[in-house]
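The next part holds the structures, each set out as structure tokens.
What follows is a pair of complexes built around chain A, which joins chain B in one and chain C in the other.
The block that comes next holds the complex of A and B.
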């Protein structure tokens, strides 16, 4: 008799979804605890800083300002109530963001109000920057992954000079920190040989998106260097990882056996490649966080108007709600990317596919 | 035996030489250099015989800043490596050896920490700290970067646990803590050291990244602080290459040397990686 059960794939996806939801919850709680545990009162400093600009003149209403901020952040309530309000705001804001802000009930959930851009909301500021960041990040990850793995596989299977050249260049590229490569590229291609702009995402007066040839050329002109610096590092990292995986495969029993059976070199390498790419995909999912972090720093060096630059300015001006919002957004993006990779993995790895998708072996 | 193998490995040798070179530079040179914060010359002097790396906007000797910066970066790197490796080894070894519910709980914590973006977390923590010194920086970086180590130490422990000498130790009635400390850990010492090298490298990188965006130690010169000044003073647009080029090269070489040490050791202690 057949037991009525949910499909294994569905329960797998649910399990993963629950894990990432819990992780998001923990990350947000962690931030709440850290902020409250910090020595020193951020609000006091904030007010002090706002007041400091008017040195020498009598300042009226400092108390009012202080109380306003206390109220804004809900600091006059007991801890558990603060936590509840914070979580409610964060989670409903997240849902609002994920549904592209169409749900009318959640319109007021917006990660709080920025201090730097008062009275604009954090949500408003971040959605404006998000497109810039994603258009820089996603192409460089995808192109870097494809090219890097191809190079790594070639290096491992060809051996000799090719291996040495690819290994050493990739080792250098995967080790050079994001900010260092960005600085060097900027110095070489914007100062010594000025073919690209020194920074920014658009020329003066071209901030708004428009689908004209002029705008696109201007966009690509500013896009080239930040993109190059991200994609080169991704290629290096992937090539190094792939080379190791391929060497493992090339030394494995099935490979040696098939080789002795007389299979063609091309077919053999193809088999090894298919096995070696699987851990690479898992590795890519896990390194999303660091690549994302790297792109933030790259944006700062290039003055590129994305989330990274917003975060940098928020730090400079002690805009705590914006810092908090950026953290939530970065965490959310990383977890979503991991979740999608986990699901994708089920369809790529034939061993898992058999179990979960109910496919006949 | 293994020491001979290590020296025979070209990667390990190159890595350790670079690391020793910078360590020597950073420990000996500061004695002969002026106080890095002293303004001793004209601003923006290019490199000359007298001052190898010229001066910055405030007329400070860039080479003095540079050697002090390397010193600080190495110290923070070592501290981060120690903290992250210690936490990772304890969690990984206990989870792997105990198994069962302990393993499940510890690994869930590790997996959660693994997917939370570390740099973003560090930025928030550092942004809310008013005073940041060397120890504090090393602590917050170390305490967020152990999950990788914990995972790999756990899998190493699992494979060691299945070996006969561990069974023997268990039969002779040793306590679990004693078995872990006396039998499990010494047998993966090279592995632990490899983890340390990697953690030290990533610690240096994290500190530099944080310093560069203005969240570094508040009172000392580190390599990241020099990069921060380089950005703030627009040295690239002005073409003052001597401020940031040496720093970028030093950081890249340092992290590469630590990775080379790691790869070199991996190829020696892990026979599957040896290319015959």
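The block that comes next holds the complex of A and C.
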């Protein structure tokens, strides 16, 4: 077997990287345009929000605040200048985020100041909330993906009772509205039969993190219900998709032919599985973008910290800097996931390996 | 095959590492402490702790590390001295304030008159400081620091408004000059100073932990609190603020005992389970002192000339056509009562004495559809096609757009009832649902036709302030942008004059006040610019799982039962709660035993009342505002018992 030569793989990665960079650039420009097409003047909305924060106690001198914020958010400059400042801020902030904020030159690149969380920066708000979202969503999606696909493949290949059971349960899980499932779980396991807490990322009576067994158990105890709700939904969807893909593979010519040649059932199913999983992986990469928005219901129902609720409120409250930051982050996550999948494909799909890595099948 | 297995193992271990790494990532801040639940007071909050800067209107309003000069007890209509020991008018225009000489900041520095002077003087130097403290300077001439504990507020001779002054003194938090003057140097825009790192204040609590990410704030009691000799110490050792995403979650947490104190709108409050409660067990359940007055506003910048709505009698017909009791019962879930036409509640004697009963009888209303139809027929607006009223020339009246905030479910329900009731007498109303921002923008700039609003009247200056906010032309969009009260730009010079006259009249001169208020009411009832709809008490629910002795109708030791608009009015409540772990009423100083010291403490304050220099909150055990024999008897009854 010839060792994969570096250059075709390297050029493949480079090409993809450039492609995704250009996509990110275009996406950022689109965000700039879309935000400015939204109805309403963001600063008027901010001032209205500030006044609304103190309903009943009139806020005098708001006109002075208005001018102050117009200047502070740079909205008094011409459009092309605003665009330039915006792109510069977004790109440097992205690099700052990707380098885990260690680069001293980029310390001030922070996606701007949030309106809702004034005077905190969008970077501060996002990184804190993002960690909570990722630590809940990544494990649940990956475990849901692995288990769901496994169940779907088994159901399709074993047929009979197994198929019936897995198919029907998965169909139920993938079609029940997520908020219903979440509410039912919360109601049954936290209210009627209180084995799990009603909400929070960890006990409300704890001031922050401590690296103790006690704290980790407390964290997992609060983690269980939101995790379970997400895993169940993912398993349902993945199992249904995998089952269909497997049935298609099990009826394909190569499978029927090889079976008649007398190849072992186990080996054959393994081949079919490897073919069937490819579209599922593509789907997984695409779904990374939606997980941030998708976590909104989890956060509301389980009162769990995360970025979904912040984005939702940012849109309602016209917090333009935070919306921009979240959109950029979601785009970035989707593009990064796809980029990683593109590289991963070289290893998992022999056809691509042949083309780009120069390996013989 | 072997190679593939290796790859599988590699991919699996990378995935596993990702899972593990991401699970451990929330571990950002390092501090470990589990607060004992029975020593902590859990409450809901709506604002993330992004800033504790008093001038940032978006900062969480619950800031127990700061104090104002006075707190307002809206139930007894009393201004309770807090940082200030006493106040006295030493001339027509000069209010002399004496501070507690031992008042101190939680970093050990002493709190003096210069700090007070500094706080009130900030808006003169920094244009970004707005709000009540800035507005005060319209009425204030200067402040003189007499000595370290005494200072004089001297009102502007042309516009000496005592109501605005007292209103402001109960709502402005006093800030430490030695901290804020440093911040002034650091921040070009002082609103950017977050004040979240060990914020210095004089209040009974210190900030222990605040996380925007998790939406929680933990306060710990300052056992060296300067006010301990005067007020005792607040009972809960910790206060935990939990940001909740919705009323439903807040109500569920209260029912489960996960929070002790809540300000969520709670439908069907009469179904509260055992051990949960609110101010009263009778309708309207919330305190009858109007915390907010709900009105229907008409915008005279848009409704003018021959428009039917520009006619006071048409608006009066609408008031007759609307079933207010139904609105209070169905839309507001029995938490409100129909408003008295004078805007003053007849159930509260301190306010009811100013009701102009003649005017109310002559111009008042109650649900009466026949009467509404009669008025409209007499005005010459016949019923035309489709049952809608028309002008004499046959053109249809309306439709009028009623602006309502989407998601404010009580308002949505009330608007539907208004729409149906008015349709029955032939007036066409279109409900327009908008976001809260659009709504605030529309009312502040006067770009709506008809709308609801519930201005807060939670201030020591009622009823003057209520009338000022709603009817004074100087608070209207026609006069100022953004406006702050008279959304419909009602303009009557005599009303403005009367408001100014009342503001300059001494609060003791009740006869003059009654006649001025009387004239004011007869004008606004005759001209009828807005329809007074309902009185809303302060939102308040509590749980007795961990804390008892909550202020209620039967135990009204304070009226400030919410934190949203009461500034620090809720302080007395924190000092008077009793832990279910230590339910001894006679343990006045909270040392766990009811002994002779407790009785002596009550005896020392014997005969004092709210505002009296000897009055101590903790000595007034039954909270009736007077330390009398009942308090001593209560302390004696528990004598010798331990918690």
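As a convention for this text, the second predicted complex is superposed on the first by the 330 of 361 C-alpha atoms of A that agree within 3 Å, B and C clash if a C-alpha of one lies under 4 Å from a C-alpha of the other, contacts with A are read in each partner's own complex, and residues count from 1 in each chain.
Everything that follows uses one rule, which is that contacts are C-beta pairs under 8 Å (C-beta built on N, C-alpha and C of every residue); 3 or more make two chains touch, one makes a residue touch a chain.
For clarity, every value in this text was computed on a predicted model and none was experimentally measured.
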Touching partner for A:117 - first (chain B), second (chain C), both, neither
second
Regarding the shared-chain residue A:68, is it in contact with chain B (first), chain C (second), both, or neither?
second
So, A:338: does it touch chain B (first), chain C (second), both, or neither?
first
Quick one: is A:212 in contact with chain B, with chain C, with both, or with neither? Answer first, second, both or neither.
second
Who does A:26 touch here: chain B (first), chain C (second), both, or neither?
first
So, does A:300 touch the first partner chain B, the second partner chain C, both, or neither?
both
Touch test for A:125: chain B only (first), chain C only (second), both, or neither?
second
Of the partners chain B and chain C, which touch A:198 in the superposed model: first, second, both, neither?
both
After superposition on the shared chain, which partner residues are touched by A:138: those of chain B (first), chain C (second), both, or neither?
second
Looking at chain A, which of its residues have contacts with both chain B and chain C?
40, 45, 191, 198, 300, 316, 318
Quick one: in the complex, what on chain C touches chain A?
7, 11, 15, 18-19, 22-37, 40, 42, 47-48, 50-51, 53, 56-58, 61, 127-128, 130-132, 134-135, 171, 189, 191-194, 208-209, 211-216, 218, 238, 240, 242, 244-246, 249, 252-253, 256, 258, 292, 435-438, 440-441, 444, 454-458, 469, 475, 481-482, 484-485, 565
Spell out the residues on chain A that touch chain C in their complex, using ranges where they run on.
40, 44-45, 47-65, 68, 72, 114, 116-120, 124-125, 128-129, 131-132, 134-135, 138-139, 142-143, 191, 194, 198-201, 203-212, 214-215, 219, 299-300, 303, 305, 309, 316-318, 344, 347
Contact residues on chain B for chain A in the complex?
111-112, 114-121, 123-125, 127-130, 205, 208-209, 212-215, 227, 230-231, 236-237, 239, 241, 244-245, 248, 251-252, 255-256, 259-260, 272-273, 275
Which part of chain A faces chain B closely enough to touch in the complex?
19-20, 22-23, 26-27, 30-31, 34-35, 38-40, 42, 45, 171-172, 175-180, 183-184, 186-187, 190-191, 198, 244, 247-248, 251, 286, 288-290, 292-293, 296-297, 300-301, 311-312, 315-316, 318, 320, 323-324, 326-327, 330-331, 334-335, 338
